[in-house]
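Scrolling down, you'll hit the structures one after another.
Same chain, two partners: subunit A is paired with subunit B first, then with subunit C.
This part shows the complex of A and B:
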């Protein structure tokens, strides 16, 4: 491969990193000028992150948060696909569940945290429930909209072709809604991660959220920032994986 | 086996031509009989009579075009014929059997290919789609699909997806899918309306060739009077609000027809003029 090819190939990544570089530079200026209290310089934060990356604590916390987020996203996907498909494909189900869904989805998931903690205690179960509640809506609404679209678009055709219900589901609805579903899952995973980290910071003594708070309480500011940066990196990675899946499914 | 030539419920409406050519395969396959059919859109607010006391029949192997002012219920008529919507009154019989849902020997070509072709399947898999539902064995499907694609002059596009094909190619693909299931009746809802003139001519001729080779019964809805006269054995004229047959025009132009020659014939011009005046007077 020639040099120009390599440069052209790296171009999107270079542009993508430009924003982060500007942000870091601004951060360095603020820290160096001591404009704000409690902002350690980026170098200190990165060296703290490097330290954590070589230890076991960060990886254990990451494993916990990622596992809980993935569980919440998976449960939300199953429920969201089933309920979304039901209300998208059946006008009766839509009337039956529509108003309930529209009420529930405006309940802020954060508001559920105290309730869930009271009922389920301070463990992973509570994290999964709150994460699932946040992650459910993007999947459910995306699947419902896509199913509704497929239904109105192909209703006549599938009847002319005399498709049975099972074949109609697997040959038309599933392939017709899979791309919209994965888009919903991508948004859902991000919301689940945010809620999981939030509940870890507030109450559950595990995971990345707990590490942020723990380091903060111990006044280890560079470590606290290192965990915040790392949580962002985890989110970015999660999003990239799902985005690649989405692109693959949306190919012509 | 006896073949019922004139459906009992048709009330003697069947034309005499069926009796003249009682070839069993033909007489029993592809006749349509519509008698006294009425239909109104469901829903209290929008309810209005769309079709009222509509009657006509189509002989097996006949090419009938349906024309009429826009919004007169032409598409609704095709939906009734195909059993997509139930008639409110009167009777629709296909091969003497009352229509109670899409019959298996009926193909439908939709006006909008986006509502018919599956965008995630390539051309040959779109054709196979209809065969899968009909329960055709996997090994036969590919072969039947390829034959159907050749018939509509769409070879070499097997692996293209609908989005990679032109509008004309997508309509050919729709026709191929309908043909693969070996229907005896083809209902077509303004299938060429969105195409440019030259593409439309090519598709009209491709359709006529398929129709001649397979001996299909075709009911073709169009708003293009030239197209109706060019294609049809008979043109049925509907009036609007509620739809009813006001006129049936027999077209006796020689076949095979030719886009240049046929359209220049005095008889073509006269028929077209008559059709136009009939619709203008509505």
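This part shows the complex of A and C:
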């Protein structure tokens, strides 16, 4: 590769780093000039983050939040693929379930938090239920749309093969909608993470959301900001992994 | 979307089929609660929830609370649109601005936006501006992304038309790029609307500063569980109504876009 090629290849990284540097410098100025109350300087935040990264608490909280988010996303994926394929496959199922789905999916998932807490208490179970409710719709709707397309293309073939509805579901529709599923899962995981962090901040005393809230209530501001930055990194990593998986599954 | 037979009977049958599942679920809930399969103290039967909800709607502060929550979400959404659409135009047309902000944008988009609420609580303190600021912060990113994608994918032919007509760069943006990007911008706004409502509710639940969110938390802390269910139902209705309005607006903008 010639010099110009290397420079062009590096350009996005250099620009991106410069952007982050400008943002951090702006933050440092705001903190140093005390333009806003309660904004610690970046140096303190990053040293707090370093301190947390070497301790056990941050990793325990991260493990909890990631495990709960992953469980919720996995449950939502199984339900979403089965129900989505069923309503894409059969007009009857669509009529039976369609209106209920279209009502429930617009209910803001945070609204469920108080009810779920009443029924299930302040544990991981509540987190998983609320996360699953939020994560269900992107998977379900993506799979339903993809199954409708499969139906219009392959319905005659499945009829010739005399496949029963259950065989049809598992041998044609579920494998045929893998790419649509993973797109749904990427959106679903992001939503599940938001809801899991939210319920941790509001009620369940565990995970990253609890750490942010706890540090905030104790007015340990550098620690609170360290956890916010860390939560963003976890979200970014989760998103990148799923995006790479999606690209791999959708490769031509 | 099912068969269309056009006849009145067919339509009625269709509606009835669509109501089977909701009716069955509510029936199951009623039976489970009144016959004691679940503890009726924690899961009150739907008829009691409906009665309590009706009393709260007619006599209480449920409607003002719903209006407060909706107002905060919509005000935050409006400010987010005013910020994100011009910013998206800049990032989509300038490679320098795009390159500088890309990693930071990706970070904030991936950050679960609720985490910044405690930070905002320290900076601005609990109150109206906290809700609106938090909503703005959460709602900006999908609109920004929609605008950038929409503007970037503007048809080359349309841009050639602008060049032939010797439109200035600024007029080309207003006359060609923005209208062409409108469907994607609207998709971003629809996603942001859902986020706006969620964040408005979370802030209310955390700060206890009025609205449906603090109402439901208060009802729960006083063990008024029937009220909790009734308020949650109202929150669901608010979400449904706002989304239905949004879909209608979105459909209208699609008609206005020149093909």
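We adopt the following convention: the second predicted complex is superposed on the first by the 205 of 252 C-alpha atoms of A that agree within 3 Å, B and C clash if a C-alpha of one lies under 4 Å from a C-alpha of the other, contacts with A are read in each partner's own complex, and residues count from 1 in each chain.
Heads up, the rule we're going with is that a residue touches a chain if its C-beta (ideal position, glycine included) is under 8 Å from a C-beta of that chain, and two chains touch if they have at least 3 such contacts.
Keep in mind that what you see is a predicted model, and the values were worked out from it rather than measured.
Considering which of subunit B and subunit C touches more of subunit A, the answer is C. With both structures placed on the common chain, the touch criterion links A:198 to subunit C but leaves subunit B unconnected. When both complexes are overlaid on chain A, the residue A:176 reaches subunit B alone and has no touch with subunit C. In the superposition on chain A, A:228 contacts subunit C only, with no contact to subunit B. In the superposition on chain A, A:47 makes contact with neither subunit B nor subunit C.
Judged by the touch definition given at the top, the superposed model places A:112 against subunit C, while subunit B stays out of reach. By the touch criterion defined above, A:243 reaches neither subunit B nor subunit C. Residue overlap on subunit A between the subunit B contacts of one complex and the subunit C contacts of the other is empty.
The part of subunit B that touches subunit A in the complex is made up of residues 79, 82, 84, 101-102, 104, 106-108, 110, 114-116, 118, 120, 129-130, 132-134, 161, 163-164. Those residues of subunit A that touch subunit C in the complex are listed here as 11-12, 15-20, 22-23, 36-39, 91-92, 94-100, 103, 106-115, 117-119, 190, 193-194, 197-198, 201-202, 208-209, 212-213, 215-217, 219, 221, 224-225, 227-228, 231-233, 235-236, 238-239. On subunit A, the positions that touch subunit B within their shared complex are 153-154, 156-157, 159-164, 167, 171-172, 175-176, 252. Per the touch definition, subunit C reaches subunit A in the complex via residues 1-3, 14, 17-22, 25, 38, 42-43, 96, 99-104, 106-108, 110-119, 121-123, 194, 197-198, 201-202, 205-206, 213, 216-217, 219-220, 225, 228-229, 231-232, 235-236, 238-240, 243.
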